[in-house]
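For reference, the structures are reproduced in the following blocks.
In what comes next, chain A is part of two complexes: it sits with chain B in the first one and with chain C in the second one.
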Partner chain A sequence: MKPDGKVVLLGDVNVGKTSLLHRYMERRFQGTVSTVGGAFFLKQWGPHHISLWDTAGREQFHGLGSMYCRGAAAVILTYDVTNFQSVVELEDRFLALTDTANRDCIFAVVGNKVDLTDACACVPEAEDGHLSEKPISSSVPTKVKKQVRMDDAIAFYKKILKYKMMDEKDAPAAEKMCFETSAKSGYMVDQLFETVFDMVVPTILEQKAEGSSQTVDLHNYKTAKNTQPGCCR
Partner chain B sequence: MSVKAFKLVPAVEREMLMGEKTRINIECIECCGKNLYIGTNDGSIYHFLLEERNSPSEKTSFSVTKQLHKYLSVRKAVGELKAASALNRLLVLCDSTITLVNMMNLEPIPTGARIKGAVTFTLNENPVNGDPFCVEVCIVSVKRRTIQLFLVYEDRVQIVKEVFTQEQPCAVAVDGHYLCLALTTQYIILNYNTGASQDLFPYSSEERRPIVKRIGREEFLLAGPGGLGMFATVDGISQRAPVHWSENVIGAALCFPYVVALDEEFITVHSMLDQQQKQTLAFKDGHILQDFEGKVIVATSKGVYILVPLPLERQIQDLLASHRVEEALVLAKGARRNIPKEKFQVMYKRILQQAGFIQFAQLQFLEAKELFRSGQLDVRELISLYPFLLPASSSFMRSHPPLHEYADLNQLTQGDHEKMAKCKRFLMSYLNEVRSTDVANGYKEDVDTALLKLYAEANHESLLDLLVSENFCLLTDSAAWLEKHKKYFALGLLYHSNGQDAAALQLWIKIVNGDVQDSTRTDLYEYIVDFLTSCSDHELVWKYAEWLLQRNEEIGVHVFTRRPQEEEQENSFNPDDVMSCLNKYPKSLVKYLEFLVLERRIQKEKYHTHLAVLYLEKVLHLKSLETERSEELVDTQAKLQSLLRKSDLYRAYFILDKISGSDLHMECAILYGKLEEHDKALHILVHVLKDFAAAEDYCVWNSENKGIPYRRKLFHMLLMAYLNSSSAERELVMAAVDLLNSHAADFDAALVLQLLPDSWSVQLLSSFLTGAMRESIHAQRMSQIALGLAKTENLIYKHEKVKLKGHTTVLSDRKLCQVCQTPFCEPAFVRYPNGSVVHTHCAANRLVTSNTNHHFSSSSGRT
Partner chain C sequence: MEAEDLGLPPKGGMDLPEDGVDPPEQKISPGCTETGEDELIVALDKQVELSAAQNNGPLSVADGKVDVQEELSEAREESSEKDLSDSASTDNTLEDSCEFSRPLVMGGGPSEEEEVAAQPRPATHRDEDVTAESWRAHRKHVFVLSEAGKPIYSRYGNEEALSSTMGVMMALVSFIQSGDNSIRSIYSDDRKLVFVQQGPLVLVSVSSTLQSEQQLRQELLYVYDQIISMLTQASITRIFERKKNYDLRRLLTGSEKILDRLLNLVESDPCFLLGAVRCLPLQPPLRDSLGSLLQKAITPNLVFSILVARSQLVTTVQEKTVIDDCRLEPTDLHLLLNLIGATSAFQTGEIWTPICLPRFNPDCYFYAYISYLDADCTVCLILLSTDKESFYSVSDCKKRIEEGMRTQNYLQALSSGLKSPSYSVGMVGAPDLRHFIYKPLDIPDNYRQLPQFTSPELEGPYCSESERHRLFDLYHYLHSRIHSTLRPLRLIYHVAEKETLLAWVTSKFELYTCFSPLVTKAGAINILTKLLRWIKKEEDRLFIRYPPKYSTTPNPGKGSKGVRTDGAENGFFGGL
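== the complex of A and B ==
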């Protein structure tokens, strides 16, 4: 099955890309291993099939990023709110990978692991009863300091637009496209993906329309010819 | 966890190739059809014939026969071999030159056509040139950063294109116009037609040997960083997730749905469907792994082996056997395009069913149900897991080979009662869902019987719903089961739905009588009454009528009085028979007579009289008790009066006889009324009962539908009764005045005025007088109108007559009679008002026949 559109998750090692996808697709949070190469899921969104690509953050696989981003309708740039370096990496290493994405590619900036920070007003536990699964690191949730604020993310988003030479007025608003999530609790995860999908749909429709206009309709062509008078005289 | 997807079978062993000459190594291989070619480091080519032997023991092996061994002119290593079977040519790369040799005898072709300066080469398996007698060859040239494309014919070669790359290429694959190239530091896709290129990803060819392999239309498999097998299309996009093999992969091949890779120690097998590693085969010193038309061949420098795929079906069965449902289904679905459609469907259905049972055994009912549904499982397979549910008569045999490993539910649940109960609940809901769908077609008996058994056992309320709706429960099996579980009421329903109403009733009556215990219905008696009421078997009704009446006279009689509408028309119950049956049950008898007389309106004197007598007797009886049961008395008396008043059929004298001597004056008056003895009746009303309202009433109802003169006569009689009383009581006088004033229209005023005493004032009678006046003026005017209308009508007729007489009628001997169509011979004729002219005798005949012949008479019109 050929997907109608592609959404790619980019971000440094360990920021939680795989966990976010698992949370969204399988509705749970479980232990992950660092991704090798990449993986993908197919998501049915209305009548469309959207492929969701999880990429590897490890330096070793960095070179694959451009290929994964080729033709992407949306890129989700992911960082870890408890690790300032992870945003820096987005700017330094990952932004350039999106050069191969669609011209009208949508960008979302996502700060994951908000559940770890003290600032976050106690996030509810996962709703589907996986309470028994103890956090992998330690059983006592120790709050750490939030290193990346929402303002930083918004500033970064504006940098992306500048990099892409897009006018802020034409692009989706920064406030709408910057998210803070927790793959562990599920906080804001659905909103993130659903917002992105909704914004991708117009692109898909446009592509489908283009695709169909390029197809020659033999049947119609034939009937048109038949009605032409005089060709057989 | 692993699957056994392939097995390694030796094909060409060392002795066959080089014997004791240890320095000879295999450099390359080619396989085309049954032809296997091997190129060695000493510049020779071996040709073998490879034939598959299908021994029954499932052990595929190959018979290999050596055909030829040929030395090339240079004693250098043979780098690559590619067959072009359409041209009957083998392309041989040796010493940087590609030469063409005959595929069969390995002789060089006479023209000596060749391609010089090739490092490596490949054939385009998706050629763009339409000529079937040429192949497209792409070489990495010895010239720096150069790729060349050739067309190779039987005996000549032709260069078509030379392209330059930004870096030195080291491996190439082609598909159509697209080259997939491994350059020094990266992979790229290059369209040699347009020159457009697309970077794929960086890769260091110095560290690892690159792999580029065309795996299908417009798609390539590449060795990526970190031991990845990467997929890329000609558009530079990855459509499949990468597989993760080892760091030092030497060769890779595709054998759907698996990617097979070779490294120094192992052959690894990954599924393209879920990227999982499925199998690892130890294989030392391998240095070639290639697939040829679906055949995967591996070689060390000394020997050649074939990787034989196990049938997908076997693989799937293995997965199912280890309960890996998800993987099995993915594999089965992936296999769809590799197996003929019909075969696939049969296989896939079976796999779904098996998978369903695996989920079922794990109590994953939702998943199981979905799998059963999509696998179109014969429900009986599932039912048969539950002991005793299938009817003894069922012809069902479990499918063979079995779909699961369980003898029955006991084994599956290992005696765990809770699990057992869950399984039963599942089956209940499942059967209930499917029983009215296609799934149950062909064995509805088995399904419904099983469902009945489950319901009965679980004391489930749906048991009754099942039995009262259309069902296919088998009688003997179900009856025994219901009896066992003491569901007697339900058993009755079962008998009923099998047309055995007698048995059903017998059982239910036992329940009501307390002979057997079943508290399903507390209102079972009423249920039986209703049942018999609508029962068309009248013998049964008669049989149990007495029983019903004994238990409750008033409700029991419903079997006679509430029979269905359709039946009533047939009058199938003779009232006399019913009455003789009811004789012992007075209450029932009254009800039944009421039914006949009041409801059915049967116009028979005997029923009316009988009912009247029964009412009367009851009234008399109640009166004689002289207790305070007045309500019943009032009630009955009202019924009696109403009957006496409304019915004209009873024997009035007979009743009157019975009444005489009692104080039933009102009834007496009514009876006199019926006998037209109004003076007696009015006498009673006025003088005995002194009930003037009733007297007036009497006049009204007795004169109903009898015309004004009769009414006036009655009212006149009443007036006389008031006035002529000997004891001119004031009370009666007032009554007379009131009567006159309120019923002015019911009197002949002139007559009345003569009767009235002169002493009465006009004032007293003003209302009567104005009423009478108005009445008589009205009558006068009405008759004037009638007179006027009649006169007009008369005038209209006269006018018609004059009009008709005004025309002349010409008679000639050419004119024909309209009736007999013959000419007139004498001057006499008859002319009809519409102008048609006929013979006199024809007209006479017509008058006779016109009564019978409507058509004729209507066509001739009348005045």
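== the complex of A and C ==
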């Protein structure tokens, strides 16, 4: 059985991609080892089979990134809120890998490890509510300062849209697609994956519909798609 | 099967060349120490007459008196050996022999320390204080640095904190190099420093174990090969050609655990020492069926299919054009399994990763598909393809294999074989036999067989980590004597403090045995005979005798060398 839609996790070494996926799939947080290459998972989502690729952040495997992203319906760009460089890397190193993704690929920007951050150092307003709900484990005495704020993530999301030459009006709202998570506590992890999957479903349906008409219209459709002005490739 | 088949002398009649008993010693030692195999057999034959008298002689007394006597004679054996053999080498004087019996006896000491240190270590050993005494006290340090002196890896402590130490190492290397020479080792009172230079990398081992320089060198080569398995030699060379002081850690971050695990394994798994693969003991029909299942589930560019269970090989099949002039090297398999073991934290997925098999071809990548077939993650399927894009078709092969295993109930059959961890030495039926390692050497050459070995589970006194270390120290020592380049031995009878060991290599096998300390020489020989018979009886189960191979649709342009994609072309390091 061929998977229906592809979701790819990208991000620098150690930001917690594997941990996020592990938290979501196995409901646990446990020691991980730096991923080699990429790991493929199949997730049943309603009637659909969504394939999930957890990729390695190591520079060593960089060459594979565009392969994992080929035809992706959604890309989850992950950074570590306690490490500003991890967002810089997303922009410098990982964004270009998504060139092989679907034209209408969905992007989510995820700041992981919020459990580590000092709650007071967080952005006020919206974040406050979430963070106080979350049981910040008191066993971690050393809270570190948050280096990446939600605003930075939103700005980065807008940059992605620009890079993809997508109109902000057509794309999902930044506020909806930027997440702060903790694979350790589980905070916002389900919301992240469920939001992404839900948004991938229409693309899957569209693909399936196209698939059934492909025998007739394959050629026309493809050429039409390739000449779409919005496509930057 | 006759005892003679195995080259065993008649029962009870064999004596051992390193015998410490006075009269034969003078006669025999020169013979056995300077000769090759044939002469040794003659020497052994001569021994036969002598041994009858001996059996009632000092040795049987020694039996009663437990270790003391034997230890004494052992010490003499050792020194006489050294006298004869190593007089030429300065580092092997008589002092050595006293020192020798000491650390062996005290082998548990450092290991125990290690164990204590190991408790807080896992999370922190990278952050260890490199100025602390506990850091210095580690049994074995391993460092990897670049020719420019840049730190790449340290087994303990942060490489950054060690950059000056590594700088000194590099200074040593360069200094000797400037004299058109190369540094190989430094011996101090309690440490051996071994240097290996491979291309732009320098590897250093600082060891207080009893391992020989050669063994330490071999371990460093394993470390090098593991690095190559992740990056390829070609790309490392290329990187350093472009930028001499490149920081290779950029590419290796996250891989430290793989190297850490490797270094723990080489000290505790004989597969590295012997350069041989451990097979899962299995009834031949089941193994054959699994092999043909793998053979059927193939796809273009798939070249190796490997089925392992708990790091033991179940079966492997190779695409024929590959096997014709090449074979899967044990080292490559070990490094691959180590990599898998170190990355298996999340086992429900299917892994797709580039991997280089350094002994097969150090410059190119394969693409490895790795997936567990059972819920407990004990049975692992590895499919190696040369096509980067073939994940889905290879994944499809796995589905077919899985399906086949389900319908035939193979998985159940396999896991029942896995329930009892490997097998017990008790199956041999010799109570004084505690453990052994057997590597057959009489493999038909035309099968280009994987070198294999078998070994029972460690039991009894060897359950704790420190005791295991101690036993492997002894095995390492025996191995180093057997494989000494200066003076290889065929047979060693070694009485240690808590056990007696015998190592023996013939044209048919290489064997290391560990007996309870109370065993007599005659008893040991009896057990050997029994053990060799048992192995002969079980060999179809213990080893893969005839590995299957297959041929995909003939593709004339596809020589096995040509099959491999070139590392330079597959998009890696394009940006470097």
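Methods note: the second predicted complex is superposed on the first by the 192 of 233 C-alpha atoms of A that agree within 3 Å, B and C clash if a C-alpha of one lies under 4 Å from a C-alpha of the other, contacts with A are read in each partner's own complex, and residues count from 1 in each chain.
Here is the rule we go by: a residue touches a chain if its C-beta (ideal position, glycine included) is under 8 Å from a C-beta of that chain, and two chains touch if they have at least 3 such contacts.
Because the structure is predicted, anything quoted here is derived from the model rather than measured.
Trainee: Just chain B (first), just chain C (second), both, or neither: which does A:Gly71 touch?
Mentor: first
Trainee: Which partner reaches more residues of chain A, chain B or chain C?
Mentor: Looking at chain B versus chain C, the one contacting more residues of chain A is C.
Trainee: Quick check on the superposed pair: does A:Gly38 touch chain B, chain C, both, or neither? Answer first, second, both or neither.
Mentor: both
Trainee: So in the superposed three-chain picture, is A:Gly63 touching just chain B, just chain C, both, or none of them (first/second/both/neither)?
Mentor: both
Trainee: For A:Val13, select first, second, both or neither according to whether it touches chain B, chain C, the two together, or no partner.
Mentor: In the superposed model, A:Val13 contacts chain C only, not chain B.
Trainee: Using the superposition on chain A described above, determine whether A:Glu26 touches chain B (first), chain C (second), both, or neither.
Mentor: Once the two structures are laid over each other on A, A:Glu26 reaches chain C alone.
Trainee: Where on chain A do the contacts from chain B and from chain C line up?
Mentor: Touching chain B in the first complex and chain C in the second, residues 2, 36-40, 58, 60-61, 63-64, 67 of chain A appear in both lists.
Trainee: Using the touch definition from the top, list the residues of chain A that touch chain B in their complex.
Mentor: Chain A residues touching chain B: 2, 36-40, 58, 60-61, 63-64, 66-68, 70-71, 100.
Trainee: If we count contacts the way the header does, which residues on chain A are in touch with chain C in the complex?
Mentor: For this pair, the touching residues of chain A are 2, 13-14, 18, 21-22, 25-26, 30-41, 54, 56-64, 67.
Trainee: Once bound in the complex, which stretches of chain C touch chain A?
Mentor: Residue positions touching the partner: 230-231, 250-255, 257, 339, 342-346, 348-355, 368, 388-389, 391-392, 395, 570-575.
Trainee: List the residues on chain B that touch chain A in their complex, please.
Mentor: Touching chain A from chain B are residues 186, 199-203, 224-226, 228, 230, 232, 235-239, 241-242, 244, 275.
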